[in-house]
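Worksheet: the structure to be examined is printed underneath.
We call the chains A, B and C, going by the order they appear; numbering starts again at 1 in every chain.
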Amino acid sequence: MKNIKIEVKDLSLYYGEKKALKEISLEIPRNKVTALIGPSGCGKSTFLRCINRMNDLIPDVKITGQMLVEGIDIYDKNVDVVNIRKKIGMVFQKSNPFPKSIYENIAYGPKINGIKDKNELDEIVETSLRQAAIWDEVKDRLGDSAMGLSGGQQQRLCIARTLAVSPDIILMDEPASALDPISTSKIEELVHELKEQYTIIIVTHNMQQAARTSDYTAFFYLGELIEIGKTNAIFTKPEQKQTEDYITGRFG
Amino acid sequence: METTINETENQFFSNKKKGIDIKGKFVVGITQVAVLLIIAILFIILGIIVYEGREKFSWEFISSFPTDGMTKGGIFPALIGTFILVVVMSIAAVPFGTITAIYLTEYAKENSKIAAAVRFSIRTLAVVPSIIFGLFGLGFFIQFMGTGMDKAFNGGELHWGQPNILWASLTMSLLTLPVIIVSVEEALKTIPRELREASLALGATKWQTIKNVVFPGSVSGIMTGTILAVSRGAGEVAPILFTGAAYYLATLPKSLSDQFMNLGYHIYIMSTQSSDVEKTMPIQFATTLVLLILTLSLNLVAVIIRSRIRRRAK
Amino acid sequence: MNSQFPINQNFTKESLKKQFRLSEFLAEKIISSVAFLSITIIVLIFVFVFKESLPIFNFGKSDAAKTEITTDSKPESYGSTPTEELKPETYGAEPAAKGELKPETYGSEPVTQEDLKPETYGDVKAEPTVESTSNETPEAVSENKEGADKTWSTFFTTEWVPVSEHPRFGLIALLVGTLKVTIIAMLIAGPLAILAALYTSCFASKRTKEIIKPIIEMLAAFPSVVIGFFALMVLATFFQDIFGYDSRLNAFIGGVAMALAAIPIIYTISEDALSAVPKTYTEASLALGASKWQTAFFVTLPAATPGIFAALLLGIGRVFGETMIALMATGNAALLSANPFESVRTFAATIGAEMAETVFGETHYSVLFFIGSLLFIFSFALNAVAEFYVKGKLIKKFQGK
């Protein structure tokens, strides 16, 4: 299939003895938004962090199975984890700008990739901020500390920062969970615009958000993938009983 | 048992029902006395030293050389010697301490045996008696390194193989290494994991993350550590007894291979080996006052910075 | 899209291939090796302090069994050496082989040594450093004429007379002196510091705690030379006026002064241990109707015992190796008595007072380094016990069971 960006085969993850993800197999389509839903502790965030190998940072984590991105197993011994993360960006649940200026936050990624030319950096910063729909709000104070921005602005700054490295895939781990409704809708709009260019995977515990923003939805429960399909299919006629229970609010 | 928690509490505070809890009052009183006693002693020491030292304590005392066989004059060379000692010591200890702390927080795996050994070594360094560092300085720096350097570069002529300010400073830097490591480590731990993850998720390597995100956050810790180390190094005498401190020098040290005078050593010599201990008493107290002001104020600054770091952590 | 960004092309095996990053590799290697330096330092301290004391371990080619035979009482059993006088030479050959000592100097008689060291060592005279500088050359006269076995045989006597025709290195007197001071200091510092810690963590309000703690910890910032000076100038006279004993500087004064140095250590660690006792413990006790002080003494204190034990161990370590206070406040006379108001001489003070005057390589020098090795091993062991034993106990107490 040509439009498959990520193919996961029998992926299991262990925290020491505990098996946190159980033989996950799924396909994620290109240039679409895929939402991962499920009750907290179901492994959806853990799975998301597998996609750019953030779990490598946690000691005692063991992963089996395959994670094929464009047909390349990113857990292959010959694959460079740093290069993986350059192509698979991540936006975290809690906005985490560096305690530096707005400009420096965006320029951080390009700089570590060796871009030194000032004009080029300026251009990247502007493009990224425009893409993240925050340019107009911050263009006059690029030198100010990013810590002075509001929570929603900080989160969009973090998205811009991720875009500045021009990834293929953007992972979002409950990006709006700590935000007010207005900021949340801005983020959701942004996600909608970004999917033209990027493959986006978003973890959310907010089902309305999943329904509004995503094209595909995967439901996780107790470390297992219960069901994946087109979002409106999942939300209107789920195949599994557990999915239905969750969506209708009977648990979680 | 029918009493509720509230009643028990009341019983403790008012004791109207079952009579006054004399035993309780007594026991708590004893602990209170212990605290007050310690604090009182501390202020008595401070008070007496300030009182006895105030007479001689002046700008002139600080800025002039001792005269008349150290029975008159000031402590300028001792102050300068102490200053050079702590500067050279910091130059040696701060980079090593910082890097070790970075290793412990960033590179060491949680269950790594090596990291545990490093930690154990640091704590051992912190409890080894300071006189042992003096012996080590003599055996390693002077007899081994110094004599070795003389053999290699000076054709055996004695130059480095004797006590001097460099060996004393290096000896002192070993003693203060744990102070710096602990401070920097504490500061590094307050840097949120999210920031490290943000950097790594952007495709930064580990070293780039440390250089650009972790290290800038540890500057305050490095400052605290350095100040505490300087405070400690300025006051310690045992490690420099036979690695470089001199009883009296007519001139300031000109190079690292010279001996030096030191405030703490000066106090020790003046109070135990002076020709006329009674007569020089005011000088001794004033010298002690200078040393105490130096160490306590440095400590106070470090405590303030540290509490700011801790607040940031919350 | 984003064609102006040169970083990213497509996912290809080539672009994702494992890369070797030199700076990354170097950074990790350098940082790790610097960190290992602290282990190296500990090893080096032991090696070098011990190495300088090695000459006293050279019993001759024979091993320990033979050494016992070759004491003064049975010179004839040492077959190859006909007379007592020759014996030192036999032993001298050993140190020489180690490259530490110069064999040709072995012929020199005690007179030479006396000439070199005209001063008495009981109390230190001025300009020690100048003298020591000239002496501590590699060419300095190395004396081991008494032989290692003789040195050892004097270790277990009570006389510490390091500089004489027949030097005696009686460690017993020093050991007793050190123990005396340590016990006195711990008897004062232990209860005071633990009670203060108990008040701070169990009875004091949060605001009081925030004031008390930094003040008491400020005591740790007092340099030991300042405490020693205070004891020498103020405490000594003060207590002499009260008790009216003869020697102004004695074990008691030294102990009191060292208690001041040990209090902040014991206090800080005990307070941490007491504060680390889980709230559930104390709440359970209070819920059962125990009062606040009962809870503090019968629940919190026992639960924190391992930590307090560690605090006491580290306090002992501090007092045991404390040099400046001992030098200034204990009187420095190696007397053997149980009276706390007699002068004593501690291990650390002995090193501090005499090292600068010894000659590199001679027995006295080696013996001082040997004492240093003992101190190091002792503090190392204390720390190891405090660390492993106590930690294990704490973990068991709060988690395991």
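The rule we apply is simple: contacts are C-beta pairs under 8 Å (C-beta built on N, C-alpha and C of every residue); 3 or more make two chains touch, one makes a residue touch a chain.
Nothing here was measured: the structure is a model prediction, and the numbers come from that model.
Visitor: Closest chain to the protein's overall Cα mean, using per-chain Cα means, please.
Guide: Centre-most chain by C-alpha means: B.
Visitor: Of all chains present, which has the mean Cα position farthest from that of subunit C?
Guide: Farthest from subunit C by mean C-alpha position: A.
Visitor: Where the CA atoms of subunit B average out and where those of subunit C average out, how many Å apart are those spots?
Guide: 17
Visitor: Quick one: report the Å distance separating subunit A from subunit C, using the average Cα coordinate of each chain.
Guide: That pair's centroid distance is 56 Å.
Visitor: Report the inter-centroid distance (CA atoms only) between subunit A and subunit B in whole Å.
Guide: Taking the average C-alpha coordinate of subunit A and of subunit B, the gap between them is 48 Å.
Visitor: When you check subunit A against every other chain, which residues touch at least two of them?
Guide: Touching at least two other chains: 82-83, 86-87, 113, 165.
Visitor: What are the residues of subunit B that contact at least two other chains?
Guide: Residue numbers touching two or more other chains: 205.
Visitor: Two-or-more-chain contact residues of subunit C, please, as numbers and ranges.
Guide: 21
Visitor: Touching subunit A in the complex: which residues of subunit C?
Guide: 1-2, 4-8, 10-13, 15-19, 21
Visitor: Hey, which residues of subunit C end up touching subunit B in the complex?
Guide: Contact set of subunit C toward subunit B: 21, 23-24, 27-28, 30-32, 34-39, 41-42, 44-45, 48-49, 51-52, 124-130, 132-133, 136-138, 191-193, 195-196, 198-200, 202-204, 212, 214-216, 218-219, 221-230, 232-234, 260, 263, 267, 286-294, 297, 314, 317-318, 320-324, 327-328, 348, 351-352, 355-356, 360, 368-369, 372, 375-376, 379-380, 382-384, 387.
Visitor: Within their complex, state which residues of subunit A touch subunit C.
Guide: Going through subunit A, the ones touching subunit C are 69-72, 74, 77-80, 82-84, 86-87, 110, 113, 115, 120, 123-124, 127, 165-168, 197.
Visitor: If we count contacts the way the header does, which residues on subunit A are in touch with subunit B in the complex?
Guide: Subunit A reaches subunit B through residues 52, 54, 57, 59, 82-83, 85-87, 89-90, 92, 94, 96-99, 108-109, 112-113, 158, 161-162, 165.
Visitor: Give the list of subunit B residues in touch with subunit A in this complex.
Guide: That would be residues 109-111, 192, 194-205, 208, 212-213, 216-217 of subunit B.
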